[in-house]
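Below, chain A partners chain B and then partners chain C, in two separate complexes.
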Partner chain A sequence: MKRFGLYFLGFVAVAAQCEPSHARAVIQIPSGVYEPFFREPGEADQRIVSFWMDKDPVSRKDFARFLQRNPEFGRGKISPRFADSAYLESWTSENVASGDSDSPVTSISWFVARKYCGEKKGRLPTVSEWEYAADTNSPEAFALISDWYARPNSMDQPPPRISSGKLGKFGIRGMHGINWEWVEDFASVIIQGDSRSSNATDNQLFCAAGALSAKDPTQYANFMRFAFRSSLKANRSVRTLGFRCVYDVDPERSGPKL
Partner chain B sequence: MNVTHVILSVLTTLALGACAHGKNHADHHTNRPVEHELPKAYEKSSGASASVYVSETSWVNQRGQKMTFNKLRGAPRLMSMVFTRCPSACPLLISDMKRVQNGLDEKRRRQIRFTVFSFDSKHDTPETLRAFAKKMNLDDQWDLLVSDPTSTTEVAALLGIQYKELPGGDFVHSNRLIAFDGDGVTIGEKDGLGGSVDAVTKALAH
Partner chain C sequence: MIYAFLFLLAMLTPGQASAVDLNIDITKLPVIETTPTYAPNVPPPTNRKTPARIKVSIETKELRGRLADGVDYTFWTFGGTVPGPMIRVRHGDYVDFTLKNHPSSKMPHNIDLHAVTGQGGGAEGSFTTPGHSSTFSFRALNPGLYVYHCATAPVGMHIANGMYGMILVEPEAGFPKVDREFYVVQSEFYPKGKNGAKGLQPFDMEKAVKEQPEYVVFNGAVGAMNGDKAINAKVGETVRIFFGNGGPNLVSSFHVIGEVFDKVYGEGGIKVSQEQVQTTLVPAGGSAIVEFKVEVPSTLILVDHSIFRAFNKGALGMLKVEGPANAKIYTGKTVDAIYLPEGGAIQSIASTAAAPKVTNTFEERFAAGKSVYLNACAACHQAGGEGIAGAFPPLVKSDFLLANRTRAIETVKKGLSGPIKVNGVAFDGVMPALGLSDEDIANVLTFVSNSWGNKAKMFTTSDVKKVK
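Here is the complex of A and B:
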């Protein structure tokens, strides 16, 4: 009942705000400043321009609908350039998600996550936007993260329901938990065979020594997230990696461009 | 339960995994170029044996002609990415590509196309690409292409090229050459600047 009430409230709020094609809660993230976790030499704090973000990660149910409209992204049809063999691995058939359809969709590649958001007139968030929206440098975010790490977690457990996710600073749900999320510029973090010397960055990111010598232990989760992103490839599908979309502000409606 | 301990051990595993992963790919501590024979497992997971021509992104070349990425299908190609304001690495990357071109016999040289995508949607135009082609002394076998940021990101991902725009408008990027047959199947790769281009040349030679 409580859950239904929440969905209903979300629906009303969204319907009133921006009339999307179907009920989907989006939240405006205010403009602000993000202090990059890793900086190129001379890189300053980043100004984040206000944007809208899905309150929840994209669900299996949402994604099944997308596949019905875009069968070329189905498991049997998609090019291996776009998705590796682990793509939608737990799905029982082309368009049917196994398990709870209100869990976040995972085992999804960057290419397909991007197509999904593009279809919604949105896009994937940048690293900076994601980290800013998740408020990852704050003690509150660290508390959420340590709460999760302190409990036993297993890849074999059924994936958590979206509604069980914790709300972050801006009311975005489930950014800190067993599932991580794709970002548009995941590949920008680490440069191999760089055009300049980036050895320092490599050491900081890749090798445990860099992480262990960090001054602030609350940053371990951040190290993990950045190291994980830098190990990804755009066609890779990972069981604990999902996504959500963001939308630029439409200046004419002061709402999201939906 | 000691949270820090758990986090540390997970992190260490992950970081070590990442180190090993990096080693497979390029010797990034010495920045030595690495030519690849494509291992079977990698070929499978990267989709290298499938056609790269799966992108509908639109591009414009140094002659002002518009084309979609998929229309590049047909000729065998050596591809890379640069930006024309790049002071140091990009001319070297182009020079590596020219060494491949010069290593081909007359007949192959007429068949194989050299295709360079720009990272720099903001500054590169058909004019800057044309000027770059002239400055680098590139012949008619070369296609220099620019598009919007979203399309650029998609093609960079297809080519396995990583890049990042810096506040000053420059780009850090991987220096990578990828050879494709006419169907878009990956037949050779080279990461890093300078060194031998033999493997890539050989892949394109027949």
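Here is the complex of A and C:
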């Protein structure tokens, strides 16, 4: 992860000057406590400091505007170091979004998602922030995600619509049941490819061993999400993986730092 | 000299795996590309005397499919089918394995082949994001029949949704030649809806944790080996079944009704562990190889002899054996006679019993018929008359039952076997003659033809008597 972080520092600096961000609905997530799904023995609950979050995932329309301002992130132009060949796979070479602008942008790499949020003076949420805002330990979240995975994708199916997303506990839309979403520290909980190994490097996360450190081994939706994240690399683009941004609280005007 | 002798010994001792020569240059091995072979078919024997480099590629795909008639399920698959394709290599082969995860997948997947010696049986080397592929290589160090399955968290769910199959590592000398080989995998499913509940059913984690499946099936769906999808053999042939148990939870008591396994390679190993076996135990995540010669024509029924799984949850398959009958082995029924016990004691007890109640009205016949039905018929046709898809025809709105009264009486009186169509769906099974009295037959037919929305005239005892 360190290596990626270093790449990225250089990467942000290049594009530090950008247009003011487009007006978007953001919602304040109150401070609170997140009980980690996986934890080391003795690890305490995490205190989450209040932050602001996009109400909706970033749409294809939003992203098309971003590409107009930053054509170097277009498909075919971006370095393979920052995005693999599946990047924006359904977009034409002119960077016009195909499909509905009410659909979340997907097939996007972590580098570019991060760049996008940076341009908005925001950032990607951490795993803890995302899980807390999505109220992932609730039965409602489990029901939504269970329903979602049980409907398989077909290749000719139109992409999901943002407006079809359900509002969560804090009024954030579609965190479950539309797509997976990027988080800043997606690799911080390393779930090994073999879900049952239990050597020292994987924090004893899996199957039999993993079930011991999981908060609740019957929370299959959480296992699915953490396993999905752990299969990612920062330049990966996946058809069911989008993102949304978060913003730190601006102490001067008690609103988001925008 | 001594080495040569040991080598010879290793070659000649049956069921003894010799050591693999790891010093051969793998770049010089002949390369063999494989194409997937799906159940119930088995890839052909390798027929090789030396190791090769085998290329295997499997695509993981999440798709909607049929679990039972009218019941769909979102399967997670190797190769688009449940079970996944069967892989066949030879002891000592070097295998380059590529796992491709289809871009439409929502989950990452991987593969743990029990035949692989290495981290997670390959799970670590094959962990793959949707829209990507992974390749790893392994040496087939241990001959035998092995399960493979997905081992991505939550592992139980990936298996419960259909991600398993078999890899056969042939011993160097191969298996003895047989006439037919089949690939059968048992597994169980845990949908939200009860057995028979229609529509697309999602996975029910609670049932999986309690190990209470709604379906136990062979080759991925209820009826996947029945009727025109039955496997076939001819009288006099020798049959070998590569039988795997994908689980995720249940241990199978694998049995073939109407046959005895001549040989069992217990737990999928490479030596015959027992001969003349009626039922062999196959653990979840384990296997067995069974061989038997089919001697007479019949429809052999493959079951999990934990028998409610077979009759109520779908664990039924058929092997149809065709050829000339042989009365020296089996005659079929030769005598069908009335049995009247004799002796005073029995007579005197009978005389104290209440006289058999004569039923005349529709209501009386209906009520008496209901109790006959529940005792004699419901085990197969089910209490609600819905039958079991692929095995026992429904009586609810059954055209076969309602269209022809004489045929209905004949069926109950004499039994019925062979192919029939009920409401357009083909069945090919056996209903025995149950030996009911004419009175009971009239009553039970009155009941079934006037229940669950059926409507018909009352059957009387004299109606039944007329049918000889």
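In this section, the second predicted complex is superposed on the first by the 197 of 258 C-alpha atoms of A that agree within 3 Å, B and C clash if a C-alpha of one lies under 4 Å from a C-alpha of the other, contacts with A are read in each partner's own complex, and residues count from 1 in each chain.
We adopt the following convention: a contact is a pair of C-beta atoms (placed from the backbone, for glycine too) under 8 Å apart; a residue touches a chain by one contact, two chains touch by 3 or more.
Nothing here was measured: the structure is a model prediction, and the numbers come from that model.
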item: Touching partner for A:164 - first (chain B), second (chain C), both, neither; value: neither
item: More chain A residues in contact - chain B or chain C; value: B
item: First, second, both or neither for A:114, with chain B first and chain C second; value: first
item: Partner chain in contact with A:239 - chain B first, chain C second, else both or neither; value: second
item: Touched partner set for A:90, first chain B, second chain C, both or neither; value: neither
item: A:146 touches, of chain B and chain C: first, second, both or neither?; value: both
item: Touched partner set for A:227, first chain B, second chain C, both or neither; value: both
item: Touching partner for A:50 - first (chain B), second (chain C), both, neither; value: neither
item: On chain A, positions contacted by chain B and by chain C; value: 146, 149-150, 191-197, 205-207, 210, 220, 223-224, 227-228, 230-231, 233, 236
item: Partner chain B, residues of chain A touching it in the complex; value: 40, 42-44, 79-82, 84-85, 110-111, 114, 123, 146, 149-150, 184-185, 187-199, 202, 205-208, 210-212, 217, 220-221, 223-224, 227-228, 230-231, 233-236
item: Chain A residues touching chain C - in the complex, by the definition given at the top; value: 86, 89, 146-155, 180, 191-197, 205-207, 210, 218, 220, 223-224, 226-228, 230-233, 236-240
item: Chain A-touching residues of chain C, taken from the complex the two chains share; value: 62-64, 74, 103-108, 110, 112, 119-121, 123-132, 151-155, 157, 200, 202-203, 205-206, 209
item: Chain B to chain A touching residues, read off their complex; value: 1, 3-4, 6-8, 10-12, 14-19, 21-22, 25-26, 28-29, 31, 33-34, 44-47, 49-52, 54, 86, 88-90, 150, 153-154, 156-158, 160, 162-164, 166-168, 171-176, 191-193
